[in-house]
Amino acid sequence: MSFLRSEFFYNYRRSTSAVIGSALMLTFGIAVLIGPFLVAQNPYDIAALDLMDSYKPPVWLDGGEAQFPLGTDGQGRDVWASILYGARISVFIGLVAMIASCTIGTILGLIAGFYGGIIDSVIMRIADIQLSFPSILIALFLMSAVGTGIDKVLIALTAVGWVVYARTVRGSTLSEIKKEYVQAAKVAGLPNTAIIRKHVLPNVLTPLIVIATIQVGTFVLIEASLSFLGVGVPITQPSLGLLIKNGFDVLFSGLWWTSVFPGLAIMMLVFGINLFGDFLRDELNPRLK
Amino acid sequence: MTDPTPMLEVRDLEMHFPIGGGVLDRLKLDSKGLRIDRPVVHAVNGVSFRINRGQIMALVGESGCGKSTVAKTIARIYQPTAGEIRIEGEDIASYGFADMLPVRSKMQMIFQDPYASLNPRQRVRDIVAEPLLQQMKTAADRKEVPARTQALLAKVGLNAEHAGRYPHQFSGGQRQRIGIARALSVMPGLIIADEPVSALDVSIQAQILNLMMDLRDEFGLSYLFISHDLSVVHHIADTVGVMYLGFMVETAPRDTLFARPRHPYTRALLSAAPSIKARRDTEEITLMGEVPSALSLPSGCCFRTRCPFAWDRCAQERPVLKDVGDNQSVACHLIDEPERDRS
Amino acid sequence: MTTTDNTLLAVHDLRTYFHTFSGTVKAVNGVSFAIGKGEVMGLVGESGGGKSVVGFSILGLIDSPGRIMGGKILLDGEDLAQAGEDRLRQIRGREISMVFQDPMTSLNPLHTVGQQMDEVLRLHTDLDAAARRTACIEMLESVGISRAADRLGAYPHQFSGGMRQRVVIAIAMLARPRLIIADEPTTALDVTIQSQILKLMRRQIADKGASMILITHDLAVVSEMADHITVLYCGKVVERGRTRDLIETPSHPYTRGLIDSIPDPANRHARLKQIPGTVPDIRNLPQGCNFRDRCPRAQALCAEQEPELRPQNGAQWAACHYPLQPGDSA
């Protein structure tokens, strides 16, 4: 396969951080896809829970049981199973919000950059205002206005996330439309929409790959923060952030495992994404070559 | 000149660009109070010329003289500020997108930069077919496109297997051939070539110039050929227009212009061009200084700030192109007062 | 190659390779030439010929993945290819200076022209501040910049393109170097500005008794400037000789092709003579002569054996099995 002989793959193999990062991402990918089939207990099936199992420590501590490798929480839920289910929700939210942000941001950036003038001013001033607030604050505002739920989290994250794409795409668009191939398309008689779609869009996408990768990690963190603050996902669909919150109340009474393991899971997920994202940034940025 | 309607006729073409930024950036506070500043680049300031069928007209001048802007305005990449652009007699200066579409099959363009003028993400066959597809209205017509694309590539010296490749797999000269095939695809009568060989190595330059001349002979094309290279212009052009700061300062048939340049700028340009011939000892006009800004044109003659002959009249009165015989026209007050020419 | 007392710089069998992912690029592959004191040598070739890499190699400015793999660069007998970075830093600017195509890349946009000129003098001379300032003003005036004392405080962006190139030349000449390497110094300039700059460089070189390597693709420019010309193709010298000899009676078909490609006003109705094909991929050069696929004179021998640089007529050398004789048609 020609990909295995490409320069990209060659550099990837020589980059330890990229290999570690992608291994972490791959692990989470597998966990998200087949994780629920790996564990016996569905932590959100009330019938499967037994209050007698509550606050069991991890297996290597006194009182730990092989059935619950990372211990259990107050309802007798297996922490390991909760993490596998929770990662699913966290990754789902991160990916969907990223795709929505990327689509909306790219379209707005293309319009702003290509047409310029008033449209450009309006879009970019909204983006500026957006950027002048901390993203968690905007999300908090929106959540308090529209309520909680996974769909609301997605809306809040998208409202925060489109700006970075719009700005990047607008900048690339401005430099692409000065190039002669865009002028050639005008001389060929292509309407503006076709010029944007066939000529500008394919040439502004590369830098977005890096942004999109890293943004999934950022979104996982923001979602965790929102859930931790109690305005994120509902209690029936707990993400990793909500797991931390649930364990937080008992964190200082020695029952640390209910919070710490989900926290480590988030950390490894985001760390993996960022390592790989940095590698992509170095590889795809022609100026660093 | 048996054909009464020229392929291209340009009259008093003007192209001014407002410069950058939104309203907030242009807001200015000075002694006259708060106002919105509207600085304008005077890129082209009333240029007129005509190109007959099968003729090659070259526009020469230094960077910033507006020659490329003239080309791109005629190709209607820009909307002209004023003036007429007649393609086979039809004034297209104020045409909108839909009106322009049929005109695009009469006029195409070749660009300067063989790297930037081809979309890196498009295959060669799609690049070449692009203008053609805009003219094809029926599915039956479109069926012919692949065959025509192959024929076009062969015509410019590329192979059929090149059609599926991407631009980065080609050298500069080959890329320029792809650009020529694209321009040729709709069989236009007029090709506007904006510095088509200046980014190429000299041996490749010769290949492309020969190709362009062959195509002219085969299809009876007219060219508007933009160049800063006088040896190239001397080789290819029938008529030459010399531009300076957005004005046409001299036009003449090639041999006349190179043998008897009249405008001081033309003379300076000719004497500054390096040559591989043995060193000449002809007296030459050496220009001091550099081209003034097109944001604020000098009063009177645009060239007076660098002209060795300039006198007070040149600052007061802008010279207009005057016919001096043999189809040569010169915009210079020296034509009226030849005794001031001290060279 | 003969080295005489008058030789300032002698390059022997220089090899500079770039080890890239897609293979080794032998950008300079066995280049030899010599420049006498006060001489101007033109280094001519098309893109990919390796001419700029020769200039950078002389100054020791080859960065990874590039490396000088062999050869000698003798400046007055001292081998720069073996010199350490400290020694090279002394030589750059002091003994050898460089003028690049784009003046914006060689001037620091954040420092005034005066600061940048002063720095050169501080590094390479013992002058005190007042003497340095006087020297800077004199140098700016000598490159035709008026009100030089005022302009010392100006930043590079406040000068036009031609003026900037004058400043670059002034900086290059400041420490009175013995050799100037000018890499396409006028390619970015308009023709009337180009002629000003070329005249200026010619005068500066003559006044100061310096030597110059003029790297360019433009045969017309070198023919007006240089005493000798060395023609590169695919990292090798294909021909060298005195300027007029080489232009009027080229021995190598490539040189002949380059000259014939320039439109000749006297012969305008003819088609331009062109060199067919394109430069071969330098990572994957053919066996034998690199030019044979494009050469009208190529025969079986050219595919088997690489031609050596041999004397042709008098002082002219060419690397060709079947060199052109004066009077031959291409």
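Order of writing sets the chain letters: A, B and C. Residues in each chain are counted from 1.
We take it that a residue touches a chain if its C-beta (ideal position, glycine included) is under 8 Å from a C-beta of that chain, and two chains touch if they have at least 3 such contacts.
What you see is a predicted model; the values in this text were computed from it and never measured.
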item: Chain pair whose interface holds the most contacting C-beta pairs; value: B-C
item: Chain at maximum distance from subunit B, centres defined as averaged CA atoms; value: A
item: Separation of mean Cα positions, subunit C and subunit B [Å, integer]; value: 32
item: Inter-chain centre distance, subunit A versus subunit C - centres from mean C-alpha coordinates, in Å; value: 53
item: Multi-partner residues of subunit B (each touching 2 or more other chains); value: none
item: Subunit C contact footprint on subunit A (complex, rising order); value: 7, 10
item: Subunit B-touching residues of subunit A, taken from the complex the two chains share; value: 120-121, 179-181, 183-191, 198-199, 202-203
item: Subunit A partner contacts - residues on subunit C that touch it in the complex; value: 21-22
item: Partner subunit A, residues of subunit B touching it in the complex; value: 22-23, 72, 75-77, 97, 100-101, 104, 108-109, 111-113, 116-122, 130-131, 134-135, 179, 182
item: Residues on subunit C engaged by subunit B in the complex (per definition of touch); value: 46-47, 160-163, 190-196, 198-199, 217-221, 223-224, 244, 247, 257-265, 268, 271-276, 278-279
